[in-house]
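I have a structure I would like to understand better, so I am pasting it below and will then ask my questions one at a time.
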Amino acid sequence: MSKDVAVRVTNMTKRFGDQLVFENVSLDVHKSEVVAIIGPSGAGKSTFIRCINRLHPFDEGTLEILNYTIEGGKADPPRQVLQDIRTRVGMVFQTFNLFPHLTVMENIILAPMEVKRKTRPEAEKRAMELLDVVGLAHKAEMYPKRLSGGEQQRVALCRALAMDPEIMLFDEPTSMLDPELVGEVLSAIRDLAKGGMTMILVTHEMMFAKEVADTVVFMADHTVVEKGPARQVLEHPQTERAQQFLHRVLKPLDRSGGELKSVASQGGER
Amino acid sequence: GCGSSAGASNTLLGQVKSTHQLIIAESAFAPQDYQNPQTKQWTGYDVDILRGFAKSLGAKLKIDALPFSSSIQAVADKRADITIDIYKTANRAKVLSFSRPMLNYDDAIAVNSQSPGVTQDSVSALKGKTIAVVTGSAEVPEAQAVPGANVTQYGSVAESFLALSEGRVAADFQPDTDIAWAKRQNPSLHIKILGAVPASISPPIQSLRGYFGVPKGSYSQSFLNKLNAYLKTIAENGTEQKILDKYGMTSPVFLKGISSAPNS
Amino acid sequence: MHVVALYLGAFLSGAGKDVVLTIVSTILSIIIGILAAAGRLYGPKVVQLIIAWYVEIIRGLPAILQLFIIYLGFNQIGVTFSPLTAALIWLVAYGVGYAVEIFRSGIMEVAQGQREAAMALGLSSSTTMRKIIVPQAMTAMLPPLVSFVVLQLKNTTMLYLVGFADVMYQARLGTDATEKPGTLYLMAALIYLILSLVIGRIGMRLERRAAVYR
Amino acid sequence: MQTMLHAWIQYLPFFLKGVGVTLELTGASLAVALGFGFLLALARLSKIRILEGFATAFVEIIRAIPVLIILFWVYYGLPQFGVKLPGPLAAIVSLGAFYATLYGEIFRGGILGVDRGQREAAQALGMPSGTVMRKIILPQAFFAILPPSTNQLSNLIKDTSLVFTIGVADLMFQANAASANNFLPLDMLLLAGIIYFIFYLVLSKLLARWELNVQRRRG
Amino acid sequence: MSKDVAVRVTNMTKRFGDQLVFENVSLDVHKSEVVAIIGPSGAGKSTFIRCINRLHPFDEGTLEILNYTIEGGKADPPRQVLQDIRTRVGMVFQTFNLFPHLTVMENIILAPMEVKRKTRPEAEKRAMELLDVVGLAHKAEMYPKRLSGGEQQRVALCRALAMDPEIMLFDEPTSMLDPELVGEVLSAIRDLAKGGMTMILVTHEMMFAKEVADTVVFMADHTVVEKGPARQVLEHPQTERAQQFLHRVLKPLDRSGGELKSVASQGGER
């Protein structure tokens, strides 16, 4: 693996029992590159991103990450390896997944203290810095339930960043948010991208992908259907499947209208 | 008997005659009353005696089996007509009327035959020991009179013997007939009679006789009269001894003075 | 094995009685329980309160104490029941206390959105109840109902204490006569185990059928 | 009324002694049930086949058998096979084993009920599985476990009333023995009932309120 | 109320217990008019729309609808009135709220049969027409759980239309849907609007509001802050609150960026 490559996935295949989720997926992610994964629901995007830090085992293929090489198969790699990967790869989930029984501060410092053996003052200092940047320093002592979705997601981001990860994974970080709150989280992620962080993100926000991503990967029908520079894939998709998908998402109303008109008028004119 | 004449159904005797049924509140005390494991029929000397008596009234026995403590209650409540033969105590006399006595008992101390927890039938030897009795029986106050005794109460005599045989308790206060019978029926039980319950804590000899209890009051009077007459007859004419013989109680001591005892 | 052969017949006839009592008392408890649950949810305040306290008392007292109160206690105030009547009254009185809660929470569990949707379509409240709430509540209630039947079955073990000739009663008499309690109580346990498992299996079948739409 | 109060006062000391026994049995049985139940839950969740199979069989069988029969079998029956437990210990073993199956299922449900995302989030932060269990899963499961646990505790107290059948002198026994003595079963049973009901109210109302407060403080 | 007005709300106030949800809301909806309600989360939009068919009681003010006049207050209007209103006003919910124990067909025909006393064949015929229009005729015998979100929402639409309502209410009908599925439902609603149906809809889809709505109502801070012709409110909002809201929703990334950049680089450059 060249020095410049942060993650290399080769012919990865994943099943749940008999059910194929995706097969033959290959992908190189370079250092400081931002990769956006898009695609219809159920395409396996979440599962794929979880295979990258080996939260899920995968069945076939190879994953090279942070100088480790992991082969597909049921057997777990050594615990040390898994833990090291997960420590150095940050992840932000669609559903935030903050620990509800811990305050914002405790959420952030838990892993640095437990995993990196930082002292509490050290961990707290770093946590406050991060919270300050996302504008949540004043909420440090609150429990997650009391925060808005956008705030929760920003805390989740801080929690991941507190481990000083080398790579960040995002799984639809804004899809559970109110439209008004989406901006908060997207701009925090954008800033991170500008700062040179290696990132892989699953997103439905095409505008955002276009602005932030270097590469866009379109997954559908159990595999990667198309990938390439962001602008190219989003504006001039080559495959029909991608064209169809992007059309639907970007211009939801632009299709052969139904005949509901006529049906409705029956009701309306009673 | 809602339809029968008021006079008949207002008394126990009338009730039994009109329904042709005499209900005994049983508690599976062997050999007084117990179920034959082979035939599943109720048997025992109380059952035999009362069956004969019921026949003389034109009635059949019906048996309600309950834990001992509830069986007395059941008769007091007129739920059943008659108890098995029991001791006469002041407490029981508050809720029951008693027949004339029908048998002499002795309260005995049973111990484990292999490793007796008590070796002498004296109060001092019993002091501080665990003593089994049956809940609601007259032996409860006897055991409680032993200083420092740890009284464990069981729902049936069989359960108390099991506890004794397994060495859970040091001693068991029961009528000697019951201990002897249990030993005879189930040689595998590790129990034996150590001796009589010390006189100082056992009740006076009069109450150490078996009496049938019926609901208290004039309701039972005519019934009691018939019963007393019947009991006296069978004690005198040897019928009762014949019944007792069936249960291995051949010793004359059981009926000594019974036929001449006064009615209660 | 001798003991087993000797008592198998008696045990089975005792088990038959337990099963019949369980079935009859369950049916009665469910019928009364539905009415009481309706009273608890929609009745006048007084009725709601009375039913609520009834439920608390039934759930708050040991089952055996309730049985003794019905069989022994009521005598003291001149009300006498035979063992069978006492057993039935007890099982139903106890069962209703549990059934009310099962039905009430089943009905409450149907999502608010379902009520709103039905109302928004102009369905009357009785139609909403019949067509929307109850069918869904039924599915939600099946698992607790199955546990309830098993609970009632298990309660029948206590009936020997009032002289009802069931499995337990036979086991105790057997102990009296044979001194083989280990074998006899194991037999009793097996009979209850099998009956419980059968009820559970039937329940599972019903649940699967009720949940085709899940 | 007068006679009832009189009888109550007369027998109250015995009843209080019975309450002591009932509480001791409840406490000891609860300890057994919680400890053993937790092990059962872990066994059922474990990937080791035999362990899981054994625990599952134990749970399915024991909880299908009435407590009273378990009690009789342990106390009267086991000596036939050479194991003899004193009454109170037999009671604790029986109730403990039976309630361990119930608590085991509560624990298992609580652990499984913690959102899968929580485990994933903790793993994604590089936490080893022990830490995930201790710091993330168990604290959250605890609050899901609490309400059904207190509910079972109040069932446990009620089920201790069965131990009088093996000669253990608990509260129910005292009511029974007293009515065998004074032939006032209703009065005696009512007194016992009131005491049991107070325990129930304390558990179901006060503890429930406490639980609610704890939940609210977190939420 | 002029013949032309379908719904008139005058000074309506609604509380939950002590908590004020909205106050002093007035609104006229003309026949065949399409009104879109927008605003931040928690503004009371859902509650308001539920007050219009009196699913919720309201505390003060007056609601005139379908020639009925309902005064605020706890007391329910006569059952007949409520039921008539709800029969003639259709509603589609954010969470679909299909009846899970009934098939698609049964969902649709239940109310026509129970409330309008239609025969089953009649009701089924109409249901099939409606399903056909939204492209779901082949799913008539399925249970809702088997359908995608977009399909469920279209069935919910059919269910409401099967009552031949004179007015339709929509509460964020697409916010629970996958982006790719949003289009299906929006285009069905748009067709309905074109057919002349009177509609009030709560939505976060600004593009859609602009295209479909005649009037836009902006709710925030417990009241109606601004209302007017759709284009005007959406493109040139008068009040600051509306400007702010629209800015956030339409251009989520366009705000003073954070400094996460600098923080992130710490992590990335280890």
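Note that the chains take the letters A, B, C, D and E in the order they are written out, and that residue 1 is the start of every chain.
Basically, a residue touches a chain if its C-beta (ideal position, glycine included) is under 8 Å from a C-beta of that chain, and two chains touch if they have at least 3 such contacts.
Chain-to-protein mapping (UniProt): A, E = Amino acid ABC transporter ATP-binding protein; C, D = Amino acid ABC transporter permease.
Just so it is clear, the model here is predicted, and its values are computed rather than measured.
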Self-check item: Reaching chain E from chain C through chains that touch each other, fewest steps
Solution: 1
Practice problem: Report the chain whose mean Cα position is at the greatest distance from that of chain D. | Solution: E
Quiz item: What is the chain whose Cα centroid lies farthest from the Cα centroid of chain A?
Solution: B
Exercise. Please report how many Å separate the Cα centroid of chain C from that of chain D, as a whole number.
Key: 21
Quiz item: Could you state the distance in Å from the CA-based centre of chain A to that of chain C?
Solution: 51
Quiz item: chain A to chain B: how many Å between their CA centres?
Solution: 83
Practice problem: Express in whole angstrom the distance between the two chain centres, defined as the mean CA positions of chain A and chain E. | Solution: 31
Self-check item: Residues of chain C touching at least two other chains
Solution: 72, 75-76, 161, 175, 181
Self-check item: Per-residue overlap in chain B, given as positions that touch at least 2 other chains
Solution: 70, 73, 159, 162
Quiz item: For this entry, which pairs of chains touch?
Solution: A-D, A-E, B-C, B-D, C-D, C-E
Quiz item: Within the complex, which stretch of chain A touches chain E?
Solution: 32, 40-41, 129-130, 133-135, 161, 164-166, 178-183, 186-188, 190-192, 194-198, 204, 207-208, 211, 245, 248-249, 251-253, 255, 257-270
Exercise. Please give the residue numbers of chain A that touch chain D in the complex, ascending.
Key: 50, 53, 55, 79, 83-91, 93, 95, 97-101, 110-111, 114-115, 143, 145-146, 156, 159-160, 163, 169
Quiz item: Which of the residues in chain D come into contact with chain A in the complex?
Solution: 115, 117-118, 120-128, 131, 135-136, 139-140, 143, 218-219
Quiz item: In their complex, what parts of chain C are in touch with chain B?
Solution: 6-7, 10, 71-72, 75-76, 80, 82-83, 161-163, 165, 169, 172-179, 181
Quiz item: Can you list the residues on chain C that touch chain D in the complex?
Solution: 56-57, 59-65, 68-69, 72-77, 150, 153-155, 157-158, 161, 168, 171, 175, 180-186, 188-189, 192-193, 196-197, 200
